[in-house]
Amino acid sequence: MTDQVSRAKHPNPPQRSLPYLLTFPAMIALIGILYPFVLGVYYTFTNYTLTEPGDIQWVGLANYVEIFKAIDFWKAFGVTFVFAASAVMIELALGLGVALLLKDAFPGVRILRSFLIIPMMIPPIVSALMWKVILLPTNQGVLNHILGLVGIRPIAWLGDSATALVSLILIDVWIYSPFAVLIFLAGLQSIPKEPYEAAQVDGASDWFMFRKLTLPLLTPCIVLVTLFRLIDSLKVFDIIYATTKGGPAGATTTLHIQSYFEAIRWFRMGRGMVYLFVLWFLCFIFSKALSRLWTKVLIR
Amino acid sequence: MTTSRPFKRILKALGLGAYFTFALGPVIWIAMMSLKNPNDVIASPPKFVFTPTLENYKIITVGRHAQGVETVRPDYPRYFLNTLIIASATVVVSLLLGTFAAYSLARFSFRFKEDIAFTFLSFRFAPELMIILPLYVVFQKTGLIDSYSGLTAAYQLITLPFLIWVLRGFFEDIPREIEQAARVDGYTWWGVFHRISLPLIKPGIAAVVILSFIFAWNNFIFSMILGGERTQTITLGILGFIGYERVLWGQMAAATMICVIPELILAFLVQNYIIRGLTFGAIKG
Amino acid sequence: MANIVFQNVRKCYGDYEAIHDLSLEIRDREFFVILGESGAGKTTTLKMIAGVEPVTSGAILLNSRPIQNLTPEERDCAMVFETYALYPHLSVYENIAFPLRAPRRRIPDDQINQTVLQVARVLGIDPFLDRRPAALSGGQRQRVALGRALVRQPAVFLMDEPLSHLDARLRNEMRTEIKAMRESFGTTIVYVTHDYSEALALGDRIAILHRGRIEQVGTASQIFRRPMNRMVAESLGDPPMNFLKGTIALAQNQSVFATGNWRIPLPENPRLRESVGKEVCLGLRPQHIRLERNHPDTPFSLPSKLFVQELLGDHAIASVAVGDRLFMALCQADQAYSLDEPLYLAWAPEHMYLFLEDTGETLLAEGN
Amino acid sequence: MANLKYRFSSRLVVAILSGLFVLLFSQCTKKNRPGSAEIHLLLNRHPFTESILRFIPEYERMTGVNVSTLLLSEEEYFEKLITELSSRSSFYDLFMLGFPHLWQYAKAGWLEPLDPYIENPNLTPENWDPDDFFPELIACSRWNLEQGAGMGEGPLWALPVNEEAYVIFYRKDLFERFHVKPPSTYEEVYRAAKILSRNVDGQQIYGFGHRGVRSWSTIHPGYLTAFASWGARDFDESMHCVIDSPRGIQITDLFIRTLREGGPPGWPSYTWYEGKEGFLSGRFAMWFDANHQAAAFENPAKSRVAGKVGYLLPPAGPDGQIRSSTWVWSLAMNAASKNKDAAWRFLAWATSKDMLQRTVPYENINPTRRSVWEDPKTVEATNWDRGEYRRTAQLLLSKYARIRWTPSTYVTQAGDRWAAALQEIYEGNRTAEQALKDAAEDINQMMRK
């Protein structure tokens, strides 16, 4: 009567090996990065220069000591931090603000939402070049031309060390704030309506509801956006490479750009890799903290 | 939040207007540049009213160009096809590898689970420059240089970590009892996976496909160093318009507009999924 | 033909032991009910039969063949989940047809279609076969879950509190329906609930599960009349049994139940004699208690004062204070008592229960 | 039933994806004519390379050799090249070089000495005539790998295909209109730049334009010409960096003041193409860069200043000397190449008299062979400003233009740091002396390792 099939006994579901079997394929694809990464870290302890691939000698921590002593390193460190922190914060604020505006349906909201991610669709290096045309120092630049109409003198934007970093942050925000808007929109839609209705009944103000209800409920979004955006903005390269290349007098030289000069332009792979390893380490500790915060937020 | 009071509605309209001018203004400017002839493109002061011409689009697609208008060897359609192949292959491979990994990270509890999950994420930390030269040597020795499969493998480093973390949230979102019911109904874990779990996260897959496609489509360093003449991608194609003589801004702008089309089509196809799609467990809060 | 035997089954989540050394036999074609309050481990037991929860140690035999190591799909059990667990992306038709489409069964499409339509008609859900579960009411969803299990004629039928999410009227209706359909299941049914009336109404035999241990297994009347211990007695009947602490004493060489300065004679039986002097507690069911205004001429009575009276339509519940304890008694709706009015409880001797205070073991039950 | 739609759409998706996969892997197989020799070129975008590419099909038909080329913009080109060479890849046979790279790659042993191929009669046709090249340009391509000296001696590492020297393009109409004498010293350039930085008929004009991005390629054109004309040098004989010599500081201060007070705002962001665009669209009164850009400035279809451009020899320094910088693009062969003979035959063909002549109409107007430079067709194609362009170009080539960098493998490193110093001076937070001293100290420290 029953179609019981007796088969070799194996531990009942799920088999012990199944989880590893499933994650293994993805691991192989990413093992490909382990060898280059380890080799890169090894280079930081050598005097490897590209033009002399033959004689690589071990120099221990000489590269690190030398670089940590140099002022250029700490300047690049500072620029990287200022760029990443301000880019992420503005993207969070802008992302949340726009998401709140787009949350409720109104005529045309669907069109606006589909136009939302167009800036992300253009290769960053190309949008940086296009922005460079818009930010041209003379009144030939579109932005200066428009500002000129309202009587503001042309600003040198990417050409002046005071405004160069600000312009780069502006470009980064332009490209990646849609990412934040998307995540927040998803988050806002998954928040139940009841708490808001209850709060309204108690006569809570919009600001109170935002602070006490929306923000706490959106914490996972905030952590998620910060996690992915912080990693990318610490490692920013395309945007600066296409415009100022670390331009006016080191004002926009981040760790990644400085490593580009050291390793690719001046062939000093050993030193270049030190900058990159520091950058990797920064990403590591921030993500470790953020992902722990993420699991904690999830459980609560 | 009720926006009944007119004051709020004006504020909302102003806010949206400001943001979308900031977001779409440059895109519109690029579109205008793509319709200008060489002298207008970099006129100073910038020209807002001009006689539009489709010359740039003609040059980069069909390759015919009027005399005296300088151009580069128009291989743009080939770069476009290369990128289409590589980006789609990358997304397909990422889906194949990542979906299973995400499912096992979400469903099963096993040793080193959180470490494995974090390792996937950590592959996104390494700056591209750090791994590009050693990776180049590996690709050269294994003959993967300038090949579609080589670039598809390299792009996994960009798309796979993101895909695994997002899909993991989705799988965690499915109530366990639904999968248990399917097992009891007589399906192996594979049957449950592809008949119940996978269809239930279709919105998530849509969101992840479009975002991964964009990341792969826009890549620059991997395609430049690990690719070659046969697999040159669109980003390099667009940069190719920085000629020795001068930058062909008009043609570069036209190339950029065409570059956006496949992503727009894909976004439109999965449009309603994207927002709903990103509503995943982790977001529930 | 399906009988299920648990042999010293243990189940632990980490170091928390959910099921302690469970040994049980469920006979073929039996409607076996597991009754227990939430957290007793009844759903876990059910899921261990189905295979979706692995057994920590011990064996489960189906027709005397061990199945604890088989995967769920190899066990040929059907299960109705408490949350129904319907497939949200499939229509009602597909939800019911889903088990039949399992590759291992190789059932041709037309036969599937015919079986599904027949089951749907029986359950009265054929009008909305192409709707999605989200578009159905609680009762309809419950029927679809039933349909999904029914359609397979499995070896064992597992039900995890299928009626708990329904409103009272629908619950009674579905209960009688399930009772009526019992024949059409044609196989062993293991039904889990925390509602004692469902257990008594449906179960051929009932197992009382408390904190992962079987307190007692027996027919409805056995369990109701001769509970093994106080815990079993307490979990049956609504309103629940009343209890009064006291001791067994000897009065004129006869065992009596002494509490305060009241003495209530006890029937002669060796067990009572042995436990003279022990702490015990008296058990009386509300429906067995009569309230008298003046002192009844039977030793089986206790003085009390009315505390509160609740009118429940056709009958009323009177809560009376006996010493420091509250006793509940059923009485006619029109029987009105005034507050604090002195009343006497009276009951027939055969309705008395006696339990040991420390182990809760039953010393005296109805009829013996 | 209802679910058929669902099942159909998933089948469709799977079909498309698998089709894509098949397409992907079918592409993997190499597609070229079987059996024939194959050479690969890695080239940057340049008038010479873009014009030569037009004739490659002709070469392939003539010789049956399959020639595949990867063409990249200059920035990406050098990054791709260094990756290829540093990992000893043999994939690319020929590539373009400037002299800083020639020195670096020759020292690293990545370049193939070409003399044996020139002397081998059955590889090089008789009419190829190696002596037809301008001797100075051949000298630029020889180096005996000795840091700090030895240019012109040692093996021939590459064949020059294009050269450029540096002139000041100036707007003759503006100079006449505001009665400004074309400058013959750098003080006059400074003064002229300040006078001509004004609003003319509604368009803001800037007196003096020059490249500004943080790279050695910013040092190389006008600035290095001025620097050398003032008798200052980058390194002394013992390879010690001496850019902070008194003369060096003076000319640097003057040059940067000219840019700050007479140049466009945001100079540090100017790439060569933005600068050139500035002069082309008529916003600069003077532009100090490569003389062959005249081809673009004189082309009415593209330039607003065609016909109004004057060509000025670089002004002389205090001791009356004119020392223009120069740049030579040349083709070199990969020492690790697997088919060097086929590569050489292509190289010889590409640098033959006939081919250089045929690239002139495609704006490769500074040919490196004397016969092509004096050929009537070239003369006719380049006699702008009533022959003034050719006069200055001839003078520069024969007398004034030399490589002003000391031959070494440190040009890019020293140049990048030097350019950063110029930017600091321009930003005004360091004086010329402080910035150059720090730069010299850094460069010396860099070289010690």
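Each chain carries a letter (A, B, C and D) given by its place in the written order, and its residues are counted from 1.
Everything that follows uses one rule, which is that contacts are C-beta pairs under 8 Å (C-beta built on N, C-alpha and C of every residue); 3 or more make two chains touch, one makes a residue touch a chain.
If you're wondering where the values come from, they're calculated on a predicted model, not measured in any experiment.
More C-beta pairs touch across one of A-D and B-C than the other; that pair is A-D.
Using the average of C-alpha coordinates as each chain's centre, C ends up farthest from chain D. Distance between chain centres (mean CA atoms), chain B to chain D: 35 Å. Averaging C-alpha coordinates per chain places the centre of chain B 58 Å away from that of chain C. With centres set at the average Cα position, the gap from chain A to chain C is 58 Å.
Within chain A, residues 13, 138-140, 264 each touch two or more of the remaining chains. Shown for chain D are the residues in touch with two or more other chains, namely 6, 79, 86-87, 281, 283. Among the residues of chain B, those in touch with two or more other chains are 42, 44, 132-133, 183, 199, 239. Looking at the complex, you find that chain D touches chain A at residues 79, 82, 86-88, 104-105, 107-108, 204, 206, 212-215, 264-270, 274, 278, 281, 283, 409, 412-413, 416, 420, 423-424, 426-427, 429, 446, 449. Against chain B, the residues of chain A that register as touching in their complex are 13-14, 16, 18-23, 25-27, 29-30, 32-33, 35-37, 39-40, 94, 97-98, 100-102, 104, 110, 112-127, 129-131, 133-134, 138-142, 145, 148, 174, 177-179, 182-183, 185-187, 189-191, 196, 200, 206, 209-210, 216-221, 224, 228, 231, 235, 237-238, 256, 259-260, 263-264, 269, 272-273, 276-277, 279-280, 283-284, 287-288, 291, 294-295, 297-298. Touching chain A in their complex are the following residues of chain B: 1-3, 12, 15-16, 19-20, 22-24, 26-27, 29-30, 33, 42, 44-46, 93, 96-98, 100-101, 103-105, 107-108, 110, 113-114, 116, 118-135, 138, 153-154, 156-157, 160-162, 164, 183, 189, 207, 210-211, 214, 217-221, 234-235, 238-239, 249, 252-253, 256, 259-260, 263-264, 267-268, 271, 274-285.
Contact residues on chain C toward chain B in their complex (touch as defined above): 47, 50-52, 71-73, 76-79, 81, 83, 85-89, 98-99, 102-105, 148, 152, 158. Note for the complex: chain B touches chain C at residues 175, 177-178, 180-188, 191, 195-196, 199-200, 202.
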